[in-house]
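Below you'll find a set of structures to go through.
Both complexes shown next keep subunit A, but they swap its partner, so subunit B is in the first and subunit C is in the second.
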Partner chain A sequence: MTGAPGHNLRVEGLSIAYGSGPRTLHAVRDVSFTIARGEAYGLIGESGSGKTTVAFALLNYLRGGVIRGGTIEVAGEDVLAMAPAALRDFRGNRAAMVYQDPMSSLNPAIIVGEQIAEALRRHRGLDRRAAWERAVDLLALVDLPGPAALARRHPHQLSGGQQQRVVIALALSCEPDLLILDEPTTGLDTTTQAVVLDLIGELRQRVRASILFISHNLGVVAETCERIGVLYAGELVEEGPCATVVSRPGHPYTAGLLRSMPRADRAAALRPIPGSLPDLTRPPAGCIFADRCEVASAACREGRPGVRRLAGDHLARCLFPERVADLPAGDAGPLARAQGPAPDDAAASLPKLAIEGLGVTFRQRRGLPLIGRLEETRALDGVSLAVPRGQTLAVVGESGSGKSTLARSVVGLIAAERGGLRFEDKALAPRAAGREPDLLRRIQIIFQNPDGALNPQRRVLDIVGRPLRLYGRAPAAAIPARVEELLALVRLGARFAARFPHELSGGEKQRVNIARVLAADPELIVCDEPTSALDISVQAGVLNQLRELQAESGLTYLFISHDLAVVRTISDTVAVLYLGRVVETGPTATVFAGPHHPYTDSLLAALPEVGRPRRPAVAVPPLPGGTGRGCLFAPRCPQRIPGTCDRLVPPLAATGDGRLMACHVPLAGLAEAQRARDAGGRD
Partner chain B sequence: MAGPAPGPTATPPGIGARLGRLGIMLFPALLLFLVAFGPLVTPFSATAFDPAATLRPPGPTYLLGTDEFGRDLFSRIVAGAQPTLLPALASTFIGILFGTATGLAAGFLGGRRDEVIMRAMDVLLSFPALILAMLIIATLGANMVTLVFAIGFVFWPRSARLIRSAAMELARHEFVDAARARGEGTAYIMFREILPNMWGIIVVDFTLRFASAVLLVASLSYLGIGVSPPTPAWGLLVKEGQPLLQLAPWVVIFPCIVIAVVSVGSVMFGEVIRRRLTLPDRRILA
Partner chain C sequence: MVNFVVRRLAFMVVILVGVSFLTFLIVNVLPGDVATTILGDFASPEQVEALRERLDLDRPVLQRYAEWAAGMVGGDFGVSLKSNQPIGPILWNRLANSLVLAAMGMAVAIPIGIALGVVTAVHRDSLLDRAITATVVVIFALPEYVTGLALIIVFSLEWNLLPASSLVLPGQSLWANPMTLILPVAVVALGMLAYLCQVTRASMIAALNSGYVRTAVLKGLTRRRIVVTHALRNAMIPTLAEIGLGFGYSLGGLVVIETVFSYPGIGQFLVQSIQNRDIPGLQAGVLVVAAAYGIGNLVADVGSLALNPRLRS
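Up next is the complex of A and B:
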């Protein structure tokens, strides 16, 4: 690899289309950017922006898509002109891609070391022994513990973060010129994501590749990359140094994205970007963003704006970048909280939902059916929480914390074995089938995946109308009119009633889900990660919608999320769950202000956020193996008191500032440790 | 630099493909016509002997030739559609009906009930199809009704297995959880939420089983079980013609070709229907 001067990757005027004739989808139009050797370039975009199409084009591997124009050069060589044999070598040897789901790149039947060694034998011509040794070295390079032993494991024996690190090792095996990371941390828990991000930051200095980091998450890209490009509907609308773009965006779309991002470090109202993506079968003649832009004028629709240089290498495709600064700040005004009915009756003083010592154990049979050994996993272990009427309790935790189990127990999809649920003054049967219809109606659930929760064979009219029919909320003849009202309530026009789910966008689907839930006229809505599958600008709209509905009709929410920023935005009280136990709960502002439970602290520390430096992540040791003694977080806890934390289960006790916390370390001790660590981090 | 885009959406289906699809759509209409009116439209009697015209090779008068008794083969095949296809259709219908109900229940209910149902199905599955059908017919007596039920019985566990796996996959979707959380009954979830997503699979299963039922009816009649001479069931035609294979091969070959064409045609028809029934965007099963 001779030191190619200047840019290692050069993309010039790239245009890609899918299909032909009048239905041609112009997915990517006139995109140009360069990445130097050793540089990390972040490509930001929401779904439909064409970011993954660009990534595949760089490998000249477009399935169904056709490159309509432009050039792609890697180390001075034209990728689009390569002969099949050269292309094969390029893809295997000189370019590498890491996908969101590590298991899509790993063969589940082959030990991970061999998967890397195979690539080395094939593309580097190493012999068996040398290839294996190099594979182990690579696993060490990506900070995997005990690489020699780990190389002999199968993918399923590794955690998600370890799998992704193996994939990165695989990608680095042939010392590529170009490393493409396509949402590499999106499927990982916050603390695991932090470890992988640190690794990528560290590798940047060690490998001499150009790194293209694709993500929808500005926070993740902002801390990993030097420069970012913002892709909107197939056009690069802004490009510049990370810090500049994030603090002084030069394009209204970037500014809109920033304002629709919830934040964990302060409670702020969100401003969603109005409208939706333009129809890319007929891209507008003017600015691609004009229809959704708050500062657009007639000139914006007349012709495609050229690229304007704002400062140094900060570019924006906007006629009026100076107007961006005048956009209203990320504040839609504080929402008026509904006062709710005066507490004159006895029920009003009771919490809407009381969760009392809830315990759920999953049993899976190993070996033979019917007679095999049962393996037990405690998903929930004595969880007690209360949701006050008209308020939002958020439950946060990583995967495996039991937060979804909690949501499903409340609506009766999972039967709790221990403890109980109380809705106002009525005890709830563990299973939905055992609950009376009126109680079923008053407690509804919104699921995480807006797509999966809608039956693809049913029209929106039937989907939203079903609860009306089931609970007898409207006579048959009145159902279409009522459905129309409900759709209007979630800002969908009457025309949506006749559509099938596949004819809706992700945000529209989730609105239909909300409309269906509202059709039951519920009092408590369990929201199980309702926005985690949505784009940030769409998420802001759905979150605002939920808050408005609460303000108008005094709904009570149990809000499940892994996203601390979303939790901060929407909740009144918060509970942090770790391996099925509540470790901390209290008013949202108090919990976020700290001092935090060591686990909450590790979650907050791991959160990548724009304009807030993240502390280096602490590697996550494997989960404790079912000893169940002492504090479950002790093996990961930096403030662990030896002899106490690993023996005694800490009780959930009042801290004196309105919170409950399960920690042996006194609050003052936690405050001390966290202050000292923050001070240390600034040096 | 790039010409018109390749790929499935790029070119409209050519005239040949369209004619082919039309042919496949007309295919069941032809079969239904034969089943309903076959015996009425034969040029010659399907059963009457004609000593003057034995073992004639295919020609202008006897399109497909005649057998050793001088019966016109074309007429026998046309008339044989009814005794061959009607039992095949009826038995497929019964098999799929039972299989769908059982598979849906096992896949959706899961757990112990699933184990019990499916192990029972496994027992049935352990018998070779033909042997099981013969066993049932031998026990209950050789007549048309027994034949139909025997073949339906053979299909039952096979169809149940397929539908069960589809139902298990569909039951994992959140729209089923949503229905449960709403308090919908088991029957509603099974028949209104899950079943509509399985029509594609059921149709394909039906046409595949129908093809195999045609062969089973033919085989059973070849073995002399079910339908008996002089009924011109297609399997019987093959059986009766077999001794003449060297002397007059057309007596065997044409019935074999017809059986094959009907089997393949039915499978192709199923594929066309499946694509019509389940638009790609609404399909959540592969």
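Up next is the complex of A and C:
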């Protein structure tokens, strides 16, 4: 917010708007910050905060936005005043960017080495050969294996983590003064994210650039950056040293964000931030956060608060930063667990859902039709799990683990080939079409993408009313009243009934989805990553909602997630899936307490969390499929027993503390290895 | 890559067998007796019987089909009922003429159509874009006989610059009077370039809005390199598929243009076969057109393979 001496990037009073007239969206307002050479600055914000708009503005790339004021200087040069030719010399050369989605940022038709070499030819005047050699060197710099061969590959032939390393190599190619990382690890698996974060940490030592690290994930930013700035609805509300901001936030929004974050290292209740983003076509005259603030008073709405210096370089745009410390901590109040089933009920002793040896294989023919080689992928391989009534079983795993296949098999969208599903005492047909309507009604699913699950042509009233009609849950005349009740259950007012999906925010859409699912009056809800597309403060609300509904009506959840912190918050029992097999399952607290299965351990170790050091990642390429013999995780496993793990499939056996684990290494051996490693610290 | 081509060729064979069988069945779906239908009501019973014998109508359909198909594979296209000449040489000549028309039309349409598509996409929503796009839409909407007749009226009748007809006298080559080619080629090219312009414009707009073009812009590359190397290369993939289809269309679908200009191509051959109730001619002609469509598509697919590395692995 104020200039530190020797700064390399200086942003002063930056304001950016989109559109014109009364619909003008004031996306970024009066944002100022500086980054010194060699410093990493984290910019935190949720969707709508304007963080990506700021990032692109630093390259004078505005995409329809209009600069309403302010200056941007990189190494003393005014970026906003550059003529087109000067701008072309600046971009990719003095300032470079790493994007959120590496697959779409690379040209699918051009080999990756050429995509780096063309920048070197353009800015460094190298000839073809020299540029190519330098590109290969850069690929080696970002730890890509076999860089000379890899340079000749096309983007689709690389994994997501490798693609992102190519983009990082491209950004570093001309040794820029400013390196912008826009959510560089979002969308990558936890263990891949860890490898990329380690690389960024390592490159920081060698690169003398100013780094702007943009993320919605405080844990990721906290481990990478010296200072962070918190952006809310287009304004920088707080800035300071990383450790200070996360331990003693000076702005109520930052505090709210921290309390919305689920944690994997301890069970904690979440406290969502109430309300939603203000309308940025008419930003309020007072504090931008006042409407959602728990410590705001009348003075906050009268004028925009100035920047207060809390200590050293810890700044907050708040009238009452001292009140933030008094905010209640993450304690939405312990939630009442669902009452156990009545003991006289015969069906009650049965699990609500039993998954018995489920197997799904996807086949794709390569080469010639009919006679070509049939390639098989085992998405699920002998998965057996049980979900007790009124409880939550979480299934965790990375992409390719088969967790979504499991969710889709349970609701009958994918027909399992082997094994079976039982719902209480009834066997479920593999396909939804073979199940009787009442069973379909009792098992519902909430999808990951709330957008895709809502018909854009229908109003909320029709969407939520549809299951009521379909399953005859309410007479036609009573539907509007029932929809209103359901919307109230998910904390949406009756006025939402008349809206179309495009008039809803992401969190509101997912609430409508939950209301739609509840309209069927289900007993088991399959939640397939229901919050992964949502902002953290919104996610907290949805997770709390799901728990409250469970406590009130005894719902059973099968909760699919890649996010260990979310799993710890929501589940009673957890199952860890790796390449279609369960490697560990048991009560959530026990599984998180450890000692862990080596795969679970690698997931937990890779997780960046505020105030908890992450261990460096072990860069082992994942080997999907494997030989079919032995433990599938053996090629990546640090505790592998040669001769055993690569030959014998470990059985899923009881560990004696209520868990089942598939590992040849005895629990005591795992405990010792993990203790020894933790004692060794980060090195 | 080789695998892909072999697979596509296998599919093409399947398609040709299907098309040829359906074509062959035309003989059997004609109402009443085929021979009577061909010869008309005033034919004598002897004539009808002779024709029945020539067409082998008394033998089972499958057997006749198998022999006919074997003949086709061996290059024997049968004998025309009209002229009693072997169909093969006539057909090849007509096919060659149509190829000339199609190739010349495409040679004009492809560069202009793609260039217009790129220019309108790069200057999207500008006055230039609106003018070109509007003109192209009008051309595309006009039937070929309208554009054809309009060109004849202006260039042949009013200004007397170009011949109105491409009629080739017996024993003469198509090239004896190259001026006669200009108007039909122009009509073919106009329709095709209008279509290619629209396809290229749409795929270029998608490419220019893509993440990789944003990367290219923020790499500081020149505008020319961004448009040509990064955007156009990917935008050409759908355009190429349309060119393949257009090639097949130019060989068999130019019935109207060939009729308007009396151009001795394969479209005109089909029309004449129908008029003359020359069933063997019609069957052979349809099969050749189907094969042309298949080859056009195959060439386009191999082309997209070269442009789209994701298809190669």
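Keep this in mind: the second predicted complex is superposed on the first by the 663 of 683 C-alpha atoms of A that agree within 3 Å, B and C clash if a C-alpha of one lies under 4 Å from a C-alpha of the other, contacts with A are read in each partner's own complex, and residues count from 1 in each chain.
Criterion: a contact is a pair of C-beta atoms (placed from the backbone, for glycine too) under 8 Å apart; a residue touches a chain by one contact, two chains touch by 3 or more.
Source: prediction; values computed, not measured.
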item	value
Touched partner set for A:Val112, first subunit B, second subunit C, both or neither	neither
Touched partner set for A:Ala432, first subunit B, second subunit C, both or neither	first
Which superposed partner A:Cys318 touches (first subunit B, second subunit C, both, neither)	neither
A:Ile414 touches, of subunit B and subunit C: first, second, both or neither?	neither
Superposed model, subunit A: greater residue contact from subunit B or subunit C	B
Which of subunit B and subunit C A:Ala233 touches, first, second, both or neither	neither
First, second, both or neither for A:Gly69, with subunit B first and subunit C second	first
Doubly contacted subunit A residues - partners subunit C and subunit B	369
Of all residues in subunit C, those that touch subunit A in their complex	3, 6-7, 10-11, 210-212, 214-222, 225, 229-230, 233-234, 307-310, 313
Subunit A contact footprint on subunit B (complex, rising order)	1-2, 4-7, 9-10, 112, 115, 173-175, 177-178, 180-184, 193, 196-197, 279, 281-284
Interfacial residue positions of subunit A with respect to subunit C in the complex	59, 61, 87-93, 96-97, 99, 101, 104-110, 115, 118-119, 122-123, 154, 156-157, 167, 170, 367-369
Contact set on subunit A toward subunit B in their complex	17-20, 23-24, 64, 66-69, 369-370, 408, 411-413, 432-433, 435, 437, 440-441, 444-445, 447-449, 452-458, 466-467, 470, 500-503, 516, 520
